[in-house]
Every structure is written in C-alpha cells, then in structure tokens.
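Paired with chain B in one complex and with chain C in the other, chain A is shared by the two complexes that follow.
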Partner chain A sequence: MNETIRELLGRVGGLPVPVTEIADDADLYAAGLSSFASVQVMLAIEESFDIEFPDSLLNRKSFASIKAIEETVAQIIKSREAA
Partner chain B sequence: MSFAALATDNTLATRAQRVAAVAAEFSDTVDAEGRFPKEAVDAMKAERLLGIQVPSAHGGESASLLEIAEVCSILGQACASSAMIFAMHHIKLSSLVEHGEESQWHLGFMQEVAGRQLLLGSATTEGGIGGNLRNSICAIEIDGATCRLEKDATVISYGSQADAILITSRANADAAPSDQVMTVFRKGQYTLEQTHVWDTLGMRGTCSDGFLFKGEAPAEQVFQKPFAEIAAQSMLATCHLLWSGVWFGIATDAVSRAQSFVRAAARKSAGQVPPGALHLAEASNLLQLVKSNLLSGIRTYEDAKADGEKLSSMSFAIAMNNIKIASSQTILDIINKAMLICGIMGYKNGTPYSLGRHLRDAHSAQLMISNDRILANSSTMLLVQKPDFSLLG
Partner chain C sequence: MDMQTSFLDRLFDAGLLIDTGVDGLYGRSGQFEEVIAAFERLIDKVGGADGAEAMRFPPGMNRAFFEQSGYMKSFPQLAGTVHSFCGSELDHMSLLKCMEVGEEDWTKDQQATDIVLTPAACYPLYPTVARRGKISAKGALYDLQSYCFRHEPSKDPARQQLFRMREYVCMGTEQHVTDFRQSWMDRGVEMMKAVGLDVTIDVANDPFFGRAGKMMVNNQRDQNLKFELLIPITSTSNPTACMSFNYHQDSFGTKWGLNLEDGSVAHTACVGFGLERIALALFHTHGLDVNEWPENVRATLWG
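The block that comes next holds the complex of A and B.
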C-alpha cells in the first residue's frame, strides 16, 4: 500500500520535492502539499483502492503524512470488511 | 429606559450601543474623509470591548462568538468601517485565545490585550501571492533568540493605528510557500513604510493601506502552532462569521431606514400603502435568511469546537464558506431593495434615508477573500466531500 500511495502522491501531489525524499512520517503540508493537490490525492486513492472516504476522515489529519494516509486507508478497508 | 439608567447599564449590548452612538455620529465624516474612526475605537476601548473574547481567568469576559457577532452587528448598523475594525481585531484575538495558551509569552500578551485594550492588526496579504493568504513568499529569519521579518504587505488594515500586528510568513528560508507561521509584533518592534493608499469605494475608514513591513522581535513571539492549523481551526470560521455579523448589521440598518420611509409615507397618505412596501416585505424576508444562516453557522462552529476533528473537516470548511458567500451576496440584494423603496431620498446623501454608504460598504463583502476564490475552493472539496442530508447536524 505504501508504494501505491507514494506513486499516487508523486503523480498528482504536485510536491516540489521527489516523493522518495519524503519520510513516511514527514508533514506533507510542510513539504508543500496544497489543499487542492490533497483533494487530487484523495480522488486518486479512492479510485485506486476502490474506496470512499467518509466525511469524518476528510480532514487535514488523515492526510498529514504518508503514514497517516496509510492508516486512514487501512481503517476504511477494515471497516468495509467488517461490514 | 431613561438616559441615566442607560448610562449605568453595563450589559454587553448596552455598552456596544453606546459605542455605536459614537460611531454613528462620525460615520459620514469617516467615510467622506477616508479616515480612521478614532472616536469609535476610543469608545470601544473605554467600554472595554477589545478584550471581551479573552477568558475571564485572563482578564477578559469569556464572550462567546455569538456575543461578539452581536456587537459586530450593532456597530455595523452605525458605521461599517468601525464594525469591521472591531471584527478584524477579534479575528486576530481568536488566534491568541484559541492557540496562544500553549506559550507563556502569548498568554501574557493576551492578558495585556484585555488589560490595556490593545488593538490588533493583521498582515496576511502579500504582493505576488495573488490574494491567497495560505501562501507566503516572505520568510521569517530566526537568529538565536531573535526573529526578523520583512514583508511587502499590500494591505494592512488600520496598520498605522494598530498596537500590534499579527503577520504571516514562511516558517524559514527553505520552507514551502504553504509552510507558514504567524508572529506577533508589538508596536515599536516594527516599521511601516507606506506603499499603497486606501482610497476606495467603501469601507473607507478601515484605512487598509499597503506597507513595507520590517520587524524584529524576540523569537518566542512566533506562534508555535503552524499557521495552517490556526487558519483552519479558528481564523476561517471567525472571519466568515464575524464579517457576516458586520454585514448583517449594514443590511439591518438599510432595512430599518426603508421601513421608516414606508411608515412615514403610509402615515401621510392615511391608510394608503406606498408601492415600495412590497419590496420591504421582500427585504425583510432576505434579512431573515441572512440572520438564520449566520446563527446556524455560529452554532455549527460552537459544536465543532467541542470536537477538534470536525473543525478541520471539509464539511465544516464548506459550511463556513457557504455562510460567507450567502451573506455577502444577499446583503447587496437587501440594500438594493431598500434603495428602490426610498428612491431618490435613499440615493441622495445626507437624508435620514440615505443608503449610498451602506451600498458602497456592502460591496466590499464579495471581495474580502474573493467569492470566486472561495467558490473554487469549495468546488475542489466537493469532489470528495460526501453530502449530509440530515437536519440534525
């Protein structure tokens, strides 16, 4: 999952630095992720993992780092499997 | 209430009304000369309105956002420039109240704002960023215990009169444009070299001139929380809600003038309702919409404050954006209807029904953070945000 997220982030995140230079727990907003780009990343992740982010997870925190995105996606997949 | 009783009544609304009386007396002069409403701001200080938001434990009155919005509206009915200065001060103060308690310096400064009734100004706009306050070009330089900042601030409202300026910049020389911090600079810690003159259609008394800002201060005056979080968690909401309070006040006074006009005409023509009366009913309908929208927005904010996740959610941001869009557009319709009712007496300056200043001041509403920018922002979020159809919130 980490690789897919990194690939999407690199493609649509519009970051000024290569994704390979960003640590899993680094603050993506500080790295230059704009709010517009974060929405593009969300859309790409929804498409790629065939999930939908519930409104409660559509906040800055869920997308603050690569690790946070992974956890958010994992949480959605887990709750879908439980349902 | 007798005049003597009014003078000793110290409820917040009465104090605000005493300030509004002063603001109303000078509103036309302030507008005509494009000068700072010194008398009204001195009255705010005398009535100690600049510190009401600060928690009681720190020398303020723990006023709620609803109470502050009510003061904005009361002042807005008298002088929109004075009301907007009051609103902008409290928007800046909300950053200190909501995010300043973590640092000893900011806590002390917040107490001083309440104690000495300091007026806070804001410098978020910068030449070259195209109005997007979430981006900065300038960067703060931290040199040991000192911070230095130079900013081409194209707009600093009442910059020359403020007792301190809260200013945004990139967090350091290498930071991305969106990686911002906010810093408090007190008067004496900065110089302002005027670069633009605020000669505008309306809101002329806010004296929002442009300046080259150069400041040096102890580094502890930089907010510890990133500006992105301050913006999302307090500034976005307080901006849109308190501005809307001011705008509601402007529209309220316009409707009240139109109502007086219709009433006077109806009295003269014994029972015959003047043709403009229908517009009055429409204006009253729209005014109620603005009021309901604002009240529901304040409730949404108070609810979200109890739950930090909600405050930074997209649906909350969209809700606040919607409030700003709706109130800024609707007040123009309302004032226009009031103008149709009052006719030439509304169009002329210097009559009891004059509406020119209201209309000119109200035109700023769509431009203070351009509605186009806000709509673009909301439409991006709507790509992923899921609609909530429940009336229960």
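The block that comes next holds the complex of A and C.
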C-alpha cells in the first residue's frame, strides 16, 4: 500500500521534491502539498483502491503524512470488510 | 421559502427592488441605492484612514486571468462567461431564422469572448498588482467595489445573481494580513451595531463544488480561513452572511507571483461587504421606509 500511495502522491501531489525524499511521517503540507493537490490525491486513491472516503475522513488530518494516508485507507478498507 | 418570497414581494411592492422576470436579477430604486451609498460612506469613514489604494474594475474580467485564478476548479457551477455572435452574414441569417422558429437553441453557436463575469471584486486585482513588481515590506492595501456574478438563481432576495461587493484586500506578511482581518472583524461588528443590526460572527466556508469540494470545505473550516458576519434577513435560524473575512495564506501570493521586497511570498487577506445584503438587512430590520428608521441609525448613515 505504501508504494501505491507514494506513486499516486508523486503523480498528482504536485510536490516540489521527489516523493522518495519524503519520510513516511513527514508533514506533507510542509513539504508543499496544496489543498487542491490533496483533493487530487484523495480522488486518485479512491480510484486506485476502489474505496470511497466518508465525509468524516475528508480533512487535512487524513492527508497530513504518508503514514496518515495509509492509516486512513486501512481504516476505510477495514470498515468496509466489517460491513 | 414562503418567508423569503414574501419579503421579496414586499420589496417589489414597495418599489425598492424591480422585478426583471429572472430570479436573482433585479433593478434597484433610488432609495435602495441611497442606502447603499450611505453605507459605503460609512465604510469610507471607518476604513479611510488606512490609506488603501482605490481601484474600480467593471463587472467583467480578463478571461485569461480568470482561467489562471483556478475559479473553475472550485466553483464551476457559479461562473458566468460572456459569449457573442462572431459569424458571417450567412451565419446571421441562420441565427435569425433559428430565433424566429424557436425550436433550436439560438445561443449554441455563440462564441466565448475574452471577458468573464467577475466572480468577486478582488479577482482582477491580483494580476494587476503582480504586474507592478514587488510589494513594499510595509504591505499593501487596496479598496475595491464591483458588481459580481454568481449563477445561483433564487427567490431569496439576499441571494442575487448580480450584486455589489465592496472589498479591502491586504497583502503582506502572515502577521500583517491576519491582524488586518481581525481588525475588520472588530470594526464590522461595531459598524453593524451602529446601524442597529443584530450580528454574529462564525467560521464559514465557500461553496466548493462536488465531493472533492467537501474536502476543501473541511480544510477551510479546520484552518479558520473564512469567517462571516451573519445578520437575520429572511430567516432567524439561518442568518445571511453580510460580510466575510478571508485569509488566503500564501495561495494567491504563490499563484500570482506576489512577492514582498525581501523575496518572500506575500500572504493575502480580504474583507468583503455584501452591499445589497446589508441594505436588505437594514430594510428588513428597520422597515421599508427609510424615513421611519430609528433616529440613531439615520444619524449614523446620513448624519
């Protein structure tokens, strides 16, 4: 999952630095992720993982770091399996 | 809805607003305009000493700047573009025939011009300032007013499609522009009190489009980027935003290349007055005849 998220982030995140230079727990907004780019990342993740972010997870916190994105995606997949 | 319709009907009956047959597109009477003029003088009195540079743009803006602004990313549903007939004499004949028959949409061959309707008074400002070069270390302040267009037909007289927005826009450091925004939040409350209006201030968001917009909304609210000054007009439970206080962080600075003398990207903030909404709040609160308004309100506006 980490690899896929990094690939999507690199493709649509519009970051000024290569994703390989960003640590899993680094602040993506500080690294240059704009509000609009975070929306693009969200849409790309939904398509790639075939999931839908519930409104409650559509916020800055969910996209604050690569680790945060991983945890959010894992949470959505888990709740879908539970349902 | 009933209450909204009835206030709109009362405004029509009193002649303050003039029905054009299109929801949200109204004429204004002399008295309505006099209230707006008086409130604008009050704005001048409160903000004048700040020494803002005044600029007035027509209600249309350069389409290239509009495209660069990213407005279509966030609010495609609200935008209005200007299209014109650009055809030959033969095209003109078929256009007239099409209009006469009325079966087909005669506007389908109209072509986009270089003009887009201004969505907010400050939109033409950023590229204008960017062309001038670096911004003084002391920051910069601008005073704008324009008719603005938003495609949202409604029977709520406080939601018009063509309305006037008066704005102050501040550019500078984060501290400078957030101080500017806070000072206008305080001033706004005082001004509305002085004209007898009951206000609250609350965190707010712009009407971003679609599901992606939901995330923009959450981001905007989480970061307290937008506040609105709310006044009951057509509903007490859902009061109307009559002023907004927006902190754009460095997003416009980055987008338009607005830099301070030290080379850092300028932060920007703007404060907007919805002039028709303020006039409507005054008419709703104090009655449709300005001669009957409380003496202290009249003194503040016309004293």
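To be clear about the criterion, the second predicted complex is superposed on the first by the 83 of 83 C-alpha atoms of A that agree within 3 Å, B and C clash if a C-alpha of one lies under 4 Å from a C-alpha of the other, contacts with A are read in each partner's own complex, and residues count from 1 in each chain.
Throughout what follows, contacts are C-beta pairs under 8 Å (C-beta built on N, C-alpha and C of every residue); 3 or more make two chains touch, one makes a residue touch a chain.
For clarity, every value in this text was computed on a predicted model and none was experimentally measured.
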Item to check | Room on chain A for both chain B and chain C (clash or fit) | outcome: clash
Next on the checklist: Touch test for A:L33: chain B only (first), chain C only (second), both, or neither?
Outcome noted: first
Next on the checklist: If we overlay the two complexes on their shared chain A, which of chain B and chain C does A:P54 touch? Say first, second, both or neither.
Outcome noted: first
Next on the checklist: Which partner chains sit in contact with A:I5 here, chain B, chain C, both or neither? Use first/second/both/neither.
Outcome noted: neither
Next on the checklist: According to the stated criteria, A:P16 is in contact with first (chain B), second (chain C), both, or neither; which is it?
Outcome noted: first
Checklist entry - Where does A:I69 make contact in the superposed view: on chain B (first), on chain C (second), on both, or on neither? => result neither
Next on the checklist: With both complexes overlaid on chain A, does A:L43 touch chain B (first), chain C (second), both or neither?
Outcome noted: both
Checklist entry - According to the contact criterion defined above, which of chain B and chain C contacts more residues of chain A? => result B
Next on the checklist: Among the options 1-9, 73-81, 109-117 or 217-225, identify the stretch of chain B whose C-alpha atoms clash with chain C after superposing on A.
Outcome noted: 73-81
Item to check | Intersection of chain A interface sets (partners chain B, chain C) | outcome: 34-36, 39, 42-43, 53, 55, 58-61
Next on the checklist: Please output the residues of chain C touching chain A within their complex, sorted ascending.
Outcome noted: 70, 73-74, 211-212, 214-216, 218-220, 222-223, 251
Next on the checklist: List the residues on chain B that touch chain A in their complex, please.
Outcome noted: 134, 171, 175-179, 226, 228-229, 232, 309, 312-315, 377, 380-381, 383-386, 388
Item to check | Touching residues (chain side chain A, partner chain C) in the complex | outcome: 34-36, 38-39, 42-43, 53, 55, 58-61
Item to check | Interfacial residue positions of chain A with respect to chain B in the complex | outcome: 16, 29-36, 39, 42-43, 46, 52-56, 58-61
